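Chains: A, B, C and D, in written order; residue numbering restarts at 1 for each.
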Amino acid sequence: MSVDMRTFLAHVELANPITTAAGCASSGRELAQFFDLHRLGALTTRSITMAPRAGRPTPRMAETPSGMLNSVGLQGPGIDAFLERELPWLAQRGIRTIVSIGGGTVAEYSELARRLADAPGVTALEINLSCPNMEDRGRVFAREGSAAAEVIASVRSIMRYDVPVVAKLAPDVADIVSVARACVDAGADALSMINNPLGMAIDTEALRPSLAAVTGGLSGPAVLPLAVRCVWQVHAALPGVPLIGMGGVMSGKDAFQFVLAGACVVGVGTALFHDPYACLRIERELEDLLRARGLQRLADAVGLAHRPPGSAPRHLMVDSEESIP
Amino acid sequence: MSVDMRTFLAHVELANPITTAAGCASSGRELAQFFDLHRLGALTTRSITMAPRAGRPTPRMAETPSGMLNSVGLQGPGIDAFLERELPWLAQRGIRTIVSIGGGTVAEYSELARRLADAPGVTALEINLSCPNMEDRGRVFAREGSAAAEVIASVRSIMRYDVPVVAKLAPDVADIVSVARACVDAGADALSMINNPLGMAIDTEALRPSLAAVTGGLSGPAVLPLAVRCVWQVHAALPGVPLIGMGGVMSGKDAFQFVLAGACVVGVGTALFHDPYACLRIERELEDLLRARGLQRLADAVGLAHRPPGSAPRHLMVDSEESIP
Amino acid sequence: MLTTRRVDAYHALTVVAPGIAERYRPGHFVSVAVGGAYTSMVTRRAFFIHDVKADYGGTVELVFTTGGPGTAWLAERRARDTLDLVGPLGRPFPLPRDPANCVLVGSDYGSAVLFPLADALLARGCRVDFVIGGAEAERVFGAMRARRMAETTTLTTEDGSLGLRGTVTDALPSVIADTRADAVYACAPMATLRAVTAVAMEFDIPVQVAVEESMACGIGVCMTCVLPVIGEDGATRMVRACAEGPVFRGERVRFEDVGTIPFDALGAPGGGARHVS
Amino acid sequence: MLTTRRVDAYHALTVVAPGIAERYRPGHFVSVAVGGAYTSMVTRRAFFIHDVKADYGGTVELVFTTGGPGTAWLAERRARDTLDLVGPLGRPFPLPRDPANCVLVGSDYGSAVLFPLADALLARGCRVDFVIGGAEAERVFGAMRARRMAETTTLTTEDGSLGLRGTVTDALPSVIADTRADAVYACAPMATLRAVTAVAMEFDIPVQVAVEESMACGIGVCMTCVLPVIGEDGATRMVRACAEGPVFRGERVRFEDVGTIPFDALGAPGGGARHVS
């Protein structure tokens, strides 16, 4: 029995629910040395900015228990080089591509959307809201529902209607549901969570912060329970909104937790640093888990853990003949 | 060379900086079977509530990568039984005791403070602000600076002036510094952080949340980088305020990170579940690390990582003769 | 650690632990750190002590089945590896003051804890009869040893591959009747303990059960391992399986309410306590 | 994994890895998963490949020193344990087209990577001279092998316990002069590479350095391992040590600015880019 792994990110169909997480697969070429990128549900690019960015000073990385901190600071070549070299490379190969963008002002996000609006090969646009808002003393957009909403509304109004706009949220907030709701009300077609919560490590030899940038984003298995909780809460409050779940996914079992919590797409980030083939392995493991539970379609598992115990899977078993597409 | 491990929590001197974390040492008696509680800097009790509380249903525990989730829900016998049986047991033995309290309304916190105001043996009062505010649709006090401040102001006005009031903060906020500042402005003598961020795990066999209560508090090494970051940010913003740092401390090195970030007291929680002697071991390891770095007083290390590289420790070495008290 | 061996479907580990062996009484358990240095597994795993010997100053033996990552790691240990144990933990089985006829009921690895108990009972002049079961033959632990020690030994398997087809509870009534039992001791999954308790209550004889609850600390400080138990005063409290248990009088345990906070439990929501955190 | 042995202050591991051995060229590195299943260590550790042999379909040997938990774990591996490797990674040393006189400079385990390079250079008819150093005698790796391969081998130790007292950089100028070197190859800590580069530039000969930067992925996707390098076009870019390196032309690396974003680097703050996240 093969499991139907297709999923929908808003109205866009993906062959399977596994995508790379923004900033963890660069622009795809590096991973292409290891496997055929068509086997991904989608590739998500690092967050593209208007100007080229050199990022933060090194050290940019510190290992923490079951996690790591990074302070890359959106290093990248800027939108011009992206449109010239990186996106066409993906587009020509027909690789499903979620383009992530980051900016310091609403105007900058809008301008990025404008530049991408007519570019071929943009499957969806993910808005990285974990950037400091230059017009609000550097307060991160994702931490303020109204600032996040302003970005989303503007980008949504600019982007082609058939390209879903995905708002990417951070967990460093008192109430992720209210930020999620603000973004959906502003026109977000889907939500993605979680971006890295802010963390820090101190080098007890040097008696100084381990990262040159002092603080950095925490990723990896350590954040998995925070991320599953965010997806759960948002799916409970906004059950109709497609969610990309990510944070600490290392195995198909972790991915399955996100699906059961309500995600229809699952992002893989830090796991790629450990295993370049992580996405393929996770997809296979997830499929095996679904099959072992008698679930014939990924779609049937999305949000399943919200339903009363026992009821849903049994129902699916009975319907099994019908539900084969 | 022996290191001077004494520290001050506001004006109260503790023999060393290691305390148990609230809710992780019950009321002390269990640990007393393993070692002499006088060897702790202080014992922090579980959060005491007005009425007896049966807590949340089981399962209340789930293991996560480098961490665990709990949903104990402040199970405890209530303030009467605490004052009758638990506090006197500690007080008679002269064990430094930080009493933690939890409530659902400002009035409840205030009443707890009133009941504790004249009780002998209260070294400090820690206000667990991670409780749902019944007067604000269950929104947790710690997530809302003004609600937290209201609790602190009321408790501070009731509590004897010579008993420090410590506000315990949670990391699930957009800006921990603003909550910290609100609590200090309301009269908190010290701050303690972090309480557990909210997390969740899903049982992929049962297809249901692992905890009966669905979500639970995440603790253990996984949260260490979040906790160190919180202490760092608050110490940077409010350098004069004594901080109790905690979250994932398993070793002297972890405790040292908190001290370097700005904590003068370090709480040990989840580590106690793994090793009943954890506090003693951590204290010894911390002392060894200080000694190996040429630091003769714990106090000289507090917040040291905030100072320009190299300068401070070298200065301490030169002053070493003078700084022996 | 001394030795490691397979016993049917189980793994058995013998560990040199004089401090634990010395204070041991039947029903005690230990908690074991798993995963080694820099592991991501922060909670210890609880195991009943199966056997205690005087060799090497004192050894304890654990019997376990593999399920998750912690027991898988344990199963990979080799002789001379070191193991980090805390124990003995919990309250052991209470023993009858005077000689009595005791039926010892165990299923799966649960029967492991019954053998040292049987020794202690026999030493007090009690009669001991065993009812031991498992899903299939190779999950029935200790049948041979039971036969050597006990007056009678009844084996059950769910698939009928050994002894009677069925569960230990199915076999229990006739054993109680045949042996004119004065007391029952049991260690098994919750559902079985519930059924065993019901049988004992029908015969109106006391039953001591050793329960298993998910435990973060094992020493009574974390409050994760609670279950509703009726006290001497008739009031139900959420008590700790690790500290007040793991052995309880079966009729005191509100099996049907395990996993809930019964509305009439001390401090239950609505039972007078405010609902905070 | 095949064998494990101690070499002076170092550990050497030989791993059967035909896929890596086949594509290997000198200067390549591998990344190793450490800590086993359910470890809390999520990042791989990078190690230069010291040797490649054809046995068992192809083996690679790593040489390392223990510092933190990852290398401590590696040091505890035993023959026949399995090891999870990704490689070969990075850009190898470029070789001169025509025979040339090459000085190979290594300190600590850095010299390990120079032996297969020396083999390749010798195969092209180059002259090879070694300068190998370490803090003390037992931290000088590969002295015997160097002596067998090279025209001359100069050893240095900081404590003078072997060879010349001092660093490899102290010894380098006279070796370059004596051997009329056409090129220098070096692998050592950043500070040493910086000094070696300065010496080579004084003599106006090219120098290839293999750098070490903290790496999360080793495959070019995470952007944590960057350092400022001047490109063909004269512009400074923050380039990845794992993908564009680890081997760079020494004079292109802005050693004095490592750990910073030079103000004139492409995309530096103020250099036109807005300052987001």
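Definition applied: a contact is a pair of C-beta atoms (placed from the backbone, for glycine too) under 8 Å apart; a residue touches a chain by one contact, two chains touch by 3 or more.
Note that the structure is a prediction, hence the values are computed from the model and not measured.
Trainee: What is the chain whose Cα centroid lies farthest from the Cα centroid of subunit B?
Mentor: Chain D.
Trainee: Where the centres are mean C-alpha positions, what is the separation of subunit A from subunit D, in Å?
Mentor: Computed from C-alpha means, the inter-chain centre distance equals 36 Å.
Trainee: For subunit A versus subunit B, what separation do you get between their C-alpha means, in angstrom?
Mentor: The separation of the two C-alpha centroids amounts to 34 Å.
Trainee: Between subunit A and subunit C, what is the gap in Å from one C-alpha centre to the other?
Mentor: 46
Trainee: Can you tell me which residues of subunit D touch two or more of the remaining chains?
Mentor: Expected reply: 40-41.
Trainee: Two or more other chains in contact with one residue: find those residues in subunit B.
Mentor: Those would be 65-67, 140, 220-221.
Trainee: Answer with line, ring, star, complete or other to describe the graph linking chains that touch.
Mentor: Graph shape here is complete: every pair of chains touches.
Trainee: Sort out for me which residues of subunit C touch subunit A in the complex.
Mentor: Residues 40.
Trainee: How about subunit D: which of its residues touch subunit A in the complex?
Mentor: The touching residues are 33, 40-44, 86, 213-227, 237-238, 243, 258-261, 265-269, 271-277.
Trainee: In their complex, what parts of subunit D are in touch with subunit C?
Mentor: 35-41, 69, 72-73
Trainee: What does subunit A use to touch subunit C in their complex?
Mentor: 65-66, 221
Trainee: Taking the touch rule as given, give the residues of subunit B at its contact with subunit A in the complex, in rising order.
Mentor: Listed in rising order, the residues are 64-67, 69, 139-140, 143-144, 171-175, 197-202, 204, 206-209, 214-215, 218, 220-226, 228-229, 232-233, 248, 253, 256-257, 260-261, 289, 293, 304-305, 309, 312-313.
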